[in-house]
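Presented sequentially are two complexes of chain A, the first with chain B as partner and the second with chain C.
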Partner chain A sequence: MKKQLLFKAILALSAALILSAAWMVSQRSVKAAPPSESSITGTVKLEGTPPHQRPIDMSKEPSCAAVHKANPVTTENVVVGTDGGLKNVVVYLSEGWSGPETAVSSGPNWDQHGCQYIPHVMGLDVNQHFKVTNSDPTSHNIHPMPKPGGPNHEWNKSQPSGAPPIDTSWPAEEVAIHVKCNIHPWMSGYMVVVKGPYGVSDDSGSFKVEGVPPGNYTLTAWQETYGAQTQKVTVAAGKPATANFTFKAK
Partner chain B sequence: MAKLFAVTIVVIAILSAIPIVRNTWHPMEDISTHGQAIDDQLSETMWEAGISFLASQIILAWFIWKFSVSKRTGSKAGTGESRSFPGGATGIVIASVVLVGAEVLALGAFGIKAWANIYFTPPAADAMPVQVQSGQFAFYFRYPGPDGKFGPLHPDLINEANQNIFGLDPDHDPESKDDLVTAEMAIPVNREIRLLMHSKDVSHSFYVPALRIHQDFVPGLDLQLHFTATKVGRYEIVCSQLCGLGHYNMRAYLSVLSQEDFDSWLKKQATLQ
Partner chain C sequence: MRTQMLKFAACALAVLAFAGISFAQVTEYQEEQNLGMEAHADHLTGHAKSAAMNYRRYCAGCHGVLGDGEGENAVWIDPKPRNFTLATFKCRSTPSGTLPTDEDLFNTIGRGLEASNMPSWNPLSSQQRIDLIAYVKHFSDRWKTEKPGPPIEIPTEPEVTADRIKAGQVVFQKLECWKCHGVEGRANGPSADTLTDDQNRPIKPFNFHDQTRFKCGSTDRDLYRIFMTGLDGTPMPSFADNVKPEEAWDLVFYLRTLQPMHTKEKEIAKQLGLKPINPNAPAPASAPAPQPQTNDTKPQ
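Our next item is the complex of A and B:
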């Protein structure tokens, strides 16, 4: 009687072990090769007359003024390219994403060149590392200002010409963190920290959000002057979805 | 040893006086109508202070030479006896206080013509108004435009990313519509300027060495200056009040232009607003 009970227990335990091992293997294979990841592409446009962008006089910093001598720069609150395409709009999955927080592996670069931020708006994942570099022959201070009291903390570091890059990341989602340089008050940029895949619109307003598994999502487009817009998107396996946004000039 | 010390004092005093007498380090060329009086005042102060300095050093050296005791001759060495000034020190202390006091008073009286007459007199009625706002870490300037009036300021609207430096609201304030905001100061030559100064944040200073102007910005105070530039050129405006990490880089340029060039500069600025 006792022997039979022991035999049954061993059998049950081995079955449980085999089943859990099989489950772990199956989970690993899902992570290694997600079934037919797709993407979301589209265009962001501005309807109406874009607000006037004032030229920036950099005469206080002659080395930067020299960079823009041929092409004077303006503010970049609303940058409209060809056919009303709206640049610097961050498009991301605000609902429906269940993958890891950091979906984008390559760390972007936030450069200071000609007393401007390049890019002006940068998308980032939570905990995604990025580098801050200074290619100007002058000193800058980098002063990101997240919402006070939130999980992201404000910092302010100086970076003289030729100093090594600053490597850092943001621990929590935030749309968006304003970055400024106190030495050159006209310098302004945004870091948009999200979970999962994102895309930033280019000169023609086109964007591409890559690495999206099939499913239903809420897609959000954020622009520094006009705020956020959302829409529902369904992504089918192996077939890129399309979503277009139109902002109205105030 | 004491005699060597006395000689050293005289040598140092004379060596330090040489570059001043020879005018080795002279101030930059003055381009203002009021600057000559300030330069005269400074050189007057320099001469008075310089002569007093040389005289006191030479007298000090003479006393050391004359009244020191020598260890070798042993006259009074090691006895611990000290020598006092003949007749006591009271008389000479009173005399020197009166002398120095008279000198300071005299400098102040002569200085009135250089400083108070400029600072405490109002500008001419037709002086051209220019506003300057200092802020960490740049100067910005505002011209009233054709209507001759500055629109009101709304500090809550200040947005550097928008280049709304002064916090103007041209949509609601008609007087702000034609105001010109610039990062460089341009003025016509030989025209009196009424400068209206305010700070956006902390203390700064408006220092233009060529104009012999040096005035602090005090947060919360609207201050005024008036001056006339007499020479066309490009000059530096610097902040001389430690105001934060970017203080070293807080500057702007002053362009003194002919009336013609100034008019076309204003026109160009109007197109850039």
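Our next item is the complex of A and C:
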């Protein structure tokens, strides 16, 4: 009787060992390098004369006005850099992505500095965590306004100077969520929540969408004033694809 | 040829009509499902189905038959009636961005909303009111997929002291309540004129000198809850992340000194000779720690 019990215990133990070993092996294979991922690079340009950007009067918030004393700031609805490069355009895979929703692991930061949002436009994955920080000596209220009645919900939180960061995420795709501060009505920014890899264009309008497996995709570029443009892109194994976008000034 | 065309048209029409009927049936079926919504508060269970008549009679005039806030009276009303299909509510005991509890909605309908066209519905029985809450909930699917947020905890109200009122004023300055509500709470802060609600309609901050009651209640606990949870859909944010319960009570006591009616707090402030804050002075680093209760500064 005792012997049988012992035998059973050994059997159970060995089964557990085999299972755990199998689990470890399976985890390792998941962590192994993904099959020849590639990237999509390109430039976003603006054709024509960019619309006038109004200067922002921050005299009601002297601490912020002081930050911009040397370099007065304007609205950022259309930001054109060198050679007509269009900044703050989010480029993402609107069709063809079959991987996990959250492709990017490290959470970006949404800072409030000099009564402006930095970055002005932020790309995010569904459920990707991000931090909201306040580097100003004044209070802000962070008020993201997703489409009413949609799967993402509006919230509104005060963040006084020196307050700890707010860590949060968005549960669903949305292009794009307008963020404002009611205390400083000139503050405006956008969070673009997508599934899979994305890139945001820099000062020269260049972007890079990384971690794209070979395949056929629809690539969408979204700009806050001009809306979205799409094009088909084929990505081959180990060979970066190129895609350029041109928006026309209205 | 002609008859063939006619036949085809008839067929197409029949198909369309059939699709229309089946679509209507689907939505009717869905409506039937939605009307299964319940609400629970005060040991009462509300059934949406039982409230259909009362909703049409008492609520639809402003909130609309479809619950979209587009009732026939809506154009004449400011602030606008709530759009129930969006499931965003001002008066909550739950964190910003979450659904209110059934009890929150039950309290709102009983109390009415100050400075708006929403009266108190206490003349209806509590069963009728909880049924109406279930009906309000049946307009949005959000109630099927989400649970209300965890209600914030409100600790027992401490004794009001002169030190607490002074500390409350420091909190008022530190949190920059005055940016909208004004240094004296007269709704004339530098940002007051620029405020808009979530539908981009102009909205005014609360004037503490104007009203004895607040949007979401009139007690000290109501006031505590209002600034801790914020009023969703308006510029009023939640302060819960950055205000400790002690500080929150201090702020409640200070806000009471601004109101038009006689309050114990106002009396103390008068004795202290409390001056309005000076927003140009550097903001204090942090509120002084709450002092142990001293009774000598209290009025007799």
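As a working rule, the second predicted complex is superposed on the first by the 219 of 250 C-alpha atoms of A that agree within 3 Å, B and C clash if a C-alpha of one lies under 4 Å from a C-alpha of the other, contacts with A are read in each partner's own complex, and residues count from 1 in each chain.
We adopt the following convention: a contact is a pair of C-beta atoms (placed from the backbone, for glycine too) under 8 Å apart; a residue touches a chain by one contact, two chains touch by 3 or more.
Since we're looking at a predicted model, the values are computed, not measured.
Bringing the complexes onto one copy of chain A puts chain B in a clash with chain C. Contact with chain B, but none with chain C, is seen for A:77 once the two complexes are overlaid on the shared chain. When the shared chain is aligned, no partner comes close enough to touch A:175: not chain B, not chain C.
Judged by the touch definition given at the top, the superposed model places A:163 against chain C, while chain B stays out of reach. In the superposition on chain A, A:139 makes contact with both chain B and chain C. By the document's definition of touching, both partners, chain B and chain C, reach A:183. Of the two partner chains, chain B is the only one touched by A:55; chain C is not. Contacts of A:153 after superposition: chain C is touched, whereas chain B is not reached. The superposed model built on chain A shows that, among 19-27, 109-117, 163-171 or 235-243, the segment of chain B colliding with chain C is 235-243. The intersection of chain A residues touching chain B with those touching chain C, taken from the two complexes, comprises 60, 138-139, 141, 158, 182-185.
Taken together, the chain A residues at the contact with chain C in this complex read 60, 137-139, 141-143, 145, 148-149, 153-161, 163-164, 166, 182-185.
Those residues of chain B whose C-beta lies close enough to touch chain A in the complex are 135-139, 160-163, 165, 182-184, 244-246, 249-253, 272-273. If you check the complex, the residues on chain C that touch chain A are 83, 85-88, 95-98, 140, 142, 174-176, 179-180, 190-191, 194-196, 198-199, 230, 232-242, 283. Across the interface of their complex, chain B is touched by residues 54-61, 75, 77, 138-139, 141, 158, 178, 180, 182-186, 188 of chain A.
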